[in-house]
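So that you can tell them apart, the chains are marked A, B, C and D in the order they are listed, and the count of residues begins at 1 in each.
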Amino acid sequence: MAGIKEACGVFGIYDLDGGNVVPSIYYGLTSLQHRGQESCGLAVSRTDGERGNVQFHKDLGLVSEVLREDTIRNMEGDLGIGHVRYSTTGASVAENAQPLVLSYIKGTLALAHNGNLINTPELKWELIQNGAIFHTTTDSEVIAFHVARERVHSKTVEEAVLKTARKLKGGYALVIMSPRKLIGVRDPLGLKPLCLGKRDNTYVLASESCALTSVGAEFIRDIEPGEMITISRNGIESNKELSTGKHAHCVFEYIYFARLDSMMDGVKIYDARIRGGKSLAKSYPVEADLVTGVPESGIPAAKGYSEESGIPFGFAFYKNSYIGRTFIKPTQKERESSVHLKLSVLDSAVKGKRIVLVDDSIVRGTTIANLIRMLKKAGALEVHVRISSPPFLHPCYFGTDVPSNDQLIASNHSAQEICEMIGADSLGYMQSDYLEGMAGHLPLCKACFDGKYPMDVEAELNKKIDCGC
Amino acid sequence: MAGIKEACGVFGIYDLDGGNVVPSIYYGLTSLQHRGQESCGLAVSRTDGERGNVQFHKDLGLVSEVLREDTIRNMEGDLGIGHVRYSTTGASVAENAQPLVLSYIKGTLALAHNGNLINTPELKWELIQNGAIFHTTTDSEVIAFHVARERVHSKTVEEAVLKTARKLKGGYALVIMSPRKLIGVRDPLGLKPLCLGKRDNTYVLASESCALTSVGAEFIRDIEPGEMITISRNGIESNKELSTGKHAHCVFEYIYFARLDSMMDGVKIYDARIRGGKSLAKSYPVEADLVTGVPESGIPAAKGYSEESGIPFGFAFYKNSYIGRTFIKPTQKERESSVHLKLSVLDSAVKGKRIVLVDDSIVRGTTIANLIRMLKKAGALEVHVRISSPPFLHPCYFGTDVPSNDQLIASNHSAQEICEMIGADSLGYMQSDYLEGMAGHLPLCKACFDGKYPMDVEAELNKKIDCGC
Amino acid sequence: MAGIKEACGVFGIYDLDGGNVVPSIYYGLTSLQHRGQESCGLAVSRTDGERGNVQFHKDLGLVSEVLREDTIRNMEGDLGIGHVRYSTTGASVAENAQPLVLSYIKGTLALAHNGNLINTPELKWELIQNGAIFHTTTDSEVIAFHVARERVHSKTVEEAVLKTARKLKGGYALVIMSPRKLIGVRDPLGLKPLCLGKRDNTYVLASESCALTSVGAEFIRDIEPGEMITISRNGIESNKELSTGKHAHCVFEYIYFARLDSMMDGVKIYDARIRGGKSLAKSYPVEADLVTGVPESGIPAAKGYSEESGIPFGFAFYKNSYIGRTFIKPTQKERESSVHLKLSVLDSAVKGKRIVLVDDSIVRGTTIANLIRMLKKAGALEVHVRISSPPFLHPCYFGTDVPSNDQLIASNHSAQEICEMIGADSLGYMQSDYLEGMAGHLPLCKACFDGKYPMDVEAELNKKIDCGC
Amino acid sequence: MAGIKEACGVFGIYDLDGGNVVPSIYYGLTSLQHRGQESCGLAVSRTDGERGNVQFHKDLGLVSEVLREDTIRNMEGDLGIGHVRYSTTGASVAENAQPLVLSYIKGTLALAHNGNLINTPELKWELIQNGAIFHTTTDSEVIAFHVARERVHSKTVEEAVLKTARKLKGGYALVIMSPRKLIGVRDPLGLKPLCLGKRDNTYVLASESCALTSVGAEFIRDIEPGEMITISRNGIESNKELSTGKHAHCVFEYIYFARLDSMMDGVKIYDARIRGGKSLAKSYPVEADLVTGVPESGIPAAKGYSEESGIPFGFAFYKNSYIGRTFIKPTQKERESSVHLKLSVLDSAVKGKRIVLVDDSIVRGTTIANLIRMLKKAGALEVHVRISSPPFLHPCYFGTDVPSNDQLIASNHSAQEICEMIGADSLGYMQSDYLEGMAGHLPLCKACFDGKYPMDVEAELNKKIDCGC
């Protein structure tokens, strides 16, 4: 699937025994890379103060490109945070890379943020009216500024963070590093994920449990919606003042964003996707010889479909993993063949077969149409498409970059029309009502499918504040 | 699988209608990237002579790194060749990147080469005795030099190539570009692959058929062992003077090297690997709940094992595709967890299950041992390992970089011992006799397994020529 | 001379006819490069608003390295500012490069700054008490923040700049770009230089007149101490509310910083240095055959000494202009010869001669000692050293990076002792009383020589505000 | 002066005590950088054979760019050669950078070369007829090939070099490194310079004596025209079989190429240029107030003119040394001002004065015309131009890149015409007859001025061999 992009991944770590956490941040961010490939960075400090100030490095690029050995060789600290980013607010420029590292009334503050606020204009307007200046165009700087202002009249940084969090509307997972504390906060609805792990005397916060595994930490628990966690020399403290009891986890984590080996809010992602495939098999059964998935995103649901239907699971495509990001423009003649560059058909696996082709979503419909054409050219008798999510019909305001309506085939066409347009023999979308079952009966935000937002989005949008930036 | 490396991939293209072939070379090399990731390059010319000389670019790195848009934007030609390289002879330095581009008696000659000769010392000695100088340490320069010398007394470049080929002993696939001809040669035993495709009035030569597909060309046929193909304004000509009738295709193309969607000497690689898995299931049946493969190399044979045994195929690991090549050194504590960085277990898929774990080879045994440990920690009840190739016991002299004996666990231990060392519940290696069946009953070179070399290697080695280089 | 470093150079330009000013900024910064080689940058905007936002680029490195053709090719605007930097406050990191580009209540603000404030802690403390956050460690961000805060209650950006300037203590030349205005401000004492030029309907502000020349602009006049200049569609406006009548121009501009072809506050730099040399000749006459200068900084004063004394001026050294900034460490044996790498003696010019060697200052004394040794080895009979500035004895708080006392040979040794230590036959330092004459009888700040600061520095230092950063 | 370019500089060093020579090569090449700024490189080996093979590094760029600390940190050896290049034959591509490093019958051969042969086509034809292949388009590879071929039938590498040298026609200085010998050869006419130095037990060969000084070596003597020097464990050996007694040193070394602090064939360059200026003063006296030179090339002759005429020497221009090589294109309006970017006038030094302006040559005449205009605009009353060389009228075949006739103002215009075209009040060119006096009465090649070539160039050109490359 292309077109749906996740905002970010965050990571925080504090080794209370004083060990260097830089390699762990590298591992953690590498494990969260699927959540954002545009930019990344880390900030570390030494809490005993002897080794001086916060060090940081961030830039556009993948973790393996930005955090090169020679760059981070001399970075060192027992407390640190990291970030991988795909921009949903703010331009794709190096200045917007995170973590933000700032000096404020109490020294240095570093902040990494996943999510999107819906009241940013209001929050920014308040600051700008008081003479604030902004270096970036990110929500994160707005949040940091409010923390700094609240800090003036607060006893602790936690208190300032809590006061700030009360003002924030939207979905967010924050990881904040003050000189001697690591703080994690999750929005009251639990829209964005954040979890806690431990390795010996080292505490780890991460967007997903796979990042805990990658640094050898045991998963302890998810941060609760509305919970703030503070890790310091005094150990770990929890504050749940922001909790409301109403939860709305982003359904897309279970459908697509989260890594297959992660567990999120008690649900194993692999299991959820298998269940999604099974549900599709129950809703849209078909007689077929092979169930296959569009690599990589459609594979797990295809496996589930196979398990439920009894139709054998198999591979139909080879995916070239060496496609670089800088790409030469093809001539007209070569444009068609460039589709084959990334995915090619395994002829003998599909010839003469009736195929169920599973993917997690349809955006423009051009890719799936190409794949169906390739399958049929290779001798497939029928191609039945099954999609493990409902059609997108509504914008997301909480950090998921759903394409605009005019780009979405589902905005303007019925499933029947789409089926014809892509050349499939049948087409079935996951039904919205079945999503809770897929995601382990968690309370979900499914607004992008059903338009039922878990907070009053319209009220914020109607404020029409022009913050002048 | 780690440790077994292929020499190279070659690509050649000539658009008789005069179209620019540079984008196609980019696509072709991207599709052959799995055959060599150390260096790559291309050379192109315009055969109508109006646009002047040969242009070329080559360097250490992946295709996406070396052939950047700004680099190749101004390259243009209707005739060109390309190369991806993993060094088996010659140091890993930029000077050894290919294609070789040379000026000689008839203008410019460019040459790309996959394979390894066993009589290089003799061939080089002859040249050096006559006062030759060498810029590189590759077989390819030796071959080019002989072509140039033969060219002096030959009517055509084909004649010189043919005279040269008669002297070569070993495995090779050559793609040669003279100012107005594209020539491909394959060694008489067919050790190294080379095939021919066509798109409109454009001819394509490539190590594998997947590269034809990637440029929209139809597969026409494999170049026969000992055949030389010449493509010019006069169309395509074939010369089979070098053919002997004795063939010996490298078995490792079918086990590991070739891409899953390629067809080679009439055999579909996907089918061969499925058959390999089936053969394993017949030879080493076991009661189990799940068949899985080590990503990516073990997956197809696992699928075959599943089909034959009836035990369901499924996934047990998640592979992180963002691991970069520059890697920071882990501390002792983190070393263990770094295994998890690349592959992690999908817990719910393996818990409580008896698992058949398939891979294509065992080199040192450390990786498979780690994976077995991870599976058992996640709750697997049993892990039965099946390897879709026999143990390596003999060196390869034809371009496959088999590790030396002291690094190979199979050199010093029986299968039973290895089974215990890696912590498996049972272990089965593909039997050498079954390889022909796997590879569609082609005549094979299986010398790395059985020591039966298809030419008199010992005679060459005994010559002990010190070519002084 | 090594060891004395200037803070920065600033440049601003506004083409009221709408022409693109980017090439002019490139030329201007290249002409100001001698004032700072650590980092540089530019910001431009289009005032008709049709082409959107401010574009900027800045990084560590020389102008020719940072502002490469491909980088600035797509930058465009009719209003812009630029900066070259050598850090006196703030670390040598890319984050501290200028111009600062910020969004604030009225849109975008860009600011470039030369100089150093003595009340930064107080200014920062005020902001930080109100919850400000800082991305950099520069004075410039503190100034920008005050401008933004004052802007909230001001009618125009000029008013906000003026209110801010009233709070600043120290030396500064500011160039500020708001969406439709270019503003320049000079500190009331005139410690830092700033001048105005014009080319057709284009106005230019620059630290030195040589930058005006480089863009084909005519020098109009120096900005007066305490003057604020605003250039907008309405033309040019001047505000002198900050003027006090007390001036104190930095003497080091005339001795060393400013470029030889600049004119500053009515004094031609070349003339000043010639006068300096003449003054030395009057104060310290000597019988000699040749007057020469240490390249490049000592050459003009040497010429002046020659003119006054009648002793012929000539060259004694060849300077290699290809010495790069990255330098391999020499072995002990080669260390001595590495002195020769940069400067070598022209033997035949010095052999058998009594030489007057002029330089603009002595810091550690090691370089001059080496040069004297080289001259004597080449056959010089006598070497009389003349220094065109008095000995440094006091720190500078206004932006000149004078080495600390323990590095300064003059802090701990008399002129007589230094003369012996460096192996000279005589040594004469410019006397402090003659500096005004050298600099055209301008009122000067000579505090680094005589300790008489033009403002109450001690009062500020005694405040001991720890701004927590 | 722009437009006249030197071919190259060569450097060789052998520390018989086994010390590492890499830093010395770096210093030596930095000191020879003025002879070629296009590419550079070095090759080193360890003669005791224990540390293995030849290491080398070369690329397009300046010494400070190509030989970065991280690049050469791990290079090590007691024998090495280096090269700086400006191309006169062969394209400006990285492949043509030197030293050439080759393997041949006796192991590794490295070669660095300054100069140009007139019989290259013949030499190459002979090789190519025998089946040679060429990687580069340089004379140097042709020379190396002949050495390798002669080596087959020679007892020693010196013998092969000598046999090769006998075939070469043209100007050359060669530095050759075999596994255990350092060899230097100079062409029989002595067209190209080469000298010998010593530091402890280390021998050094270099194009100019300034490179000896830079590594702390004492100048011993120039290599004689036609002499071959061999440095090995046996010490230093000289062979003068090629000497003919007829010498013809390139006059341009004395006028322009060689560094001011070098001594060449017994003549100090500084003295020669002073004499050149004096000669001009005698030939073309004028009443004036100031003698000045175009920086940097005209300065020494200006000093000589001043000494002879008694008119004071002084500066009229400031030269900006920060002009980078990548330069943005100016608009029409800014083109004029871009002249000021590199050189600007020191107004007060020229106002109201009659000026003698000295330079070493006039190529197109545009630069000197601009400078005269600038001087007059600044108030100069008269500008009398004196050129320290005769007009170019004939091509150089020995490695000096004289512009073609259509670019040379002197080809088509008399001195009187040129004087008017450039706006000078008078113009005097050095007379050809006085050049010997300037260069210490050495026998000179002045063919570019008088067309009298020291060898039968026409005969070679008439051969019209098309070597097919």
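As a working rule, a residue touches a chain if its C-beta (ideal position, glycine included) is under 8 Å from a C-beta of that chain, and two chains touch if they have at least 3 such contacts.
Treat the numbers as computed from the prediction; the structure is a model and nothing was measured.
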{"item": "Other chains in touch with both subunit C and subunit D", "value": "none"}
{"item": "Chain hops separating subunit C from subunit B, counting only touching neighbours", "value": "2"}
{"item": "Chain of greatest Cα-centre distance to subunit D", "value": "A"}
{"item": "Separation of subunit A from subunit B, taking each centre as the mean of its C-alpha atoms, in whole Å", "value": "37"}
{"item": "Distance from subunit C to subunit A - Cα centre to Cα centre, in angstrom", "value": "49"}
{"item": "Centre distance in Å when subunit A and subunit D are each reduced to the mean of their C-alpha atoms", "value": "61"}
{"item": "Multi-partner residues of subunit C (at least 2 other chains)", "value": "none"}
{"item": "Chain-level touch network, classified as line, ring, star, complete or other", "value": "ring"}
{"item": "Chain-chain contacts as defined at top", "value": "A-B, A-C, B-D, C-D"}
{"item": "Touch list for subunit D against partner subunit B, complex", "value": "100-107, 109, 128-135, 137, 141, 144-145, 148-152, 468-469"}
{"item": "Sites on subunit C touched by subunit D in the complex", "value": "19-20, 22-24, 26-27, 30-31, 33-34, 37, 62-65, 67-69, 72-73, 210, 213-216, 259-261, 268, 270-271, 299-300, 303, 307, 312-315, 318, 320-331, 333-334, 336-338, 340-341, 344-349"}
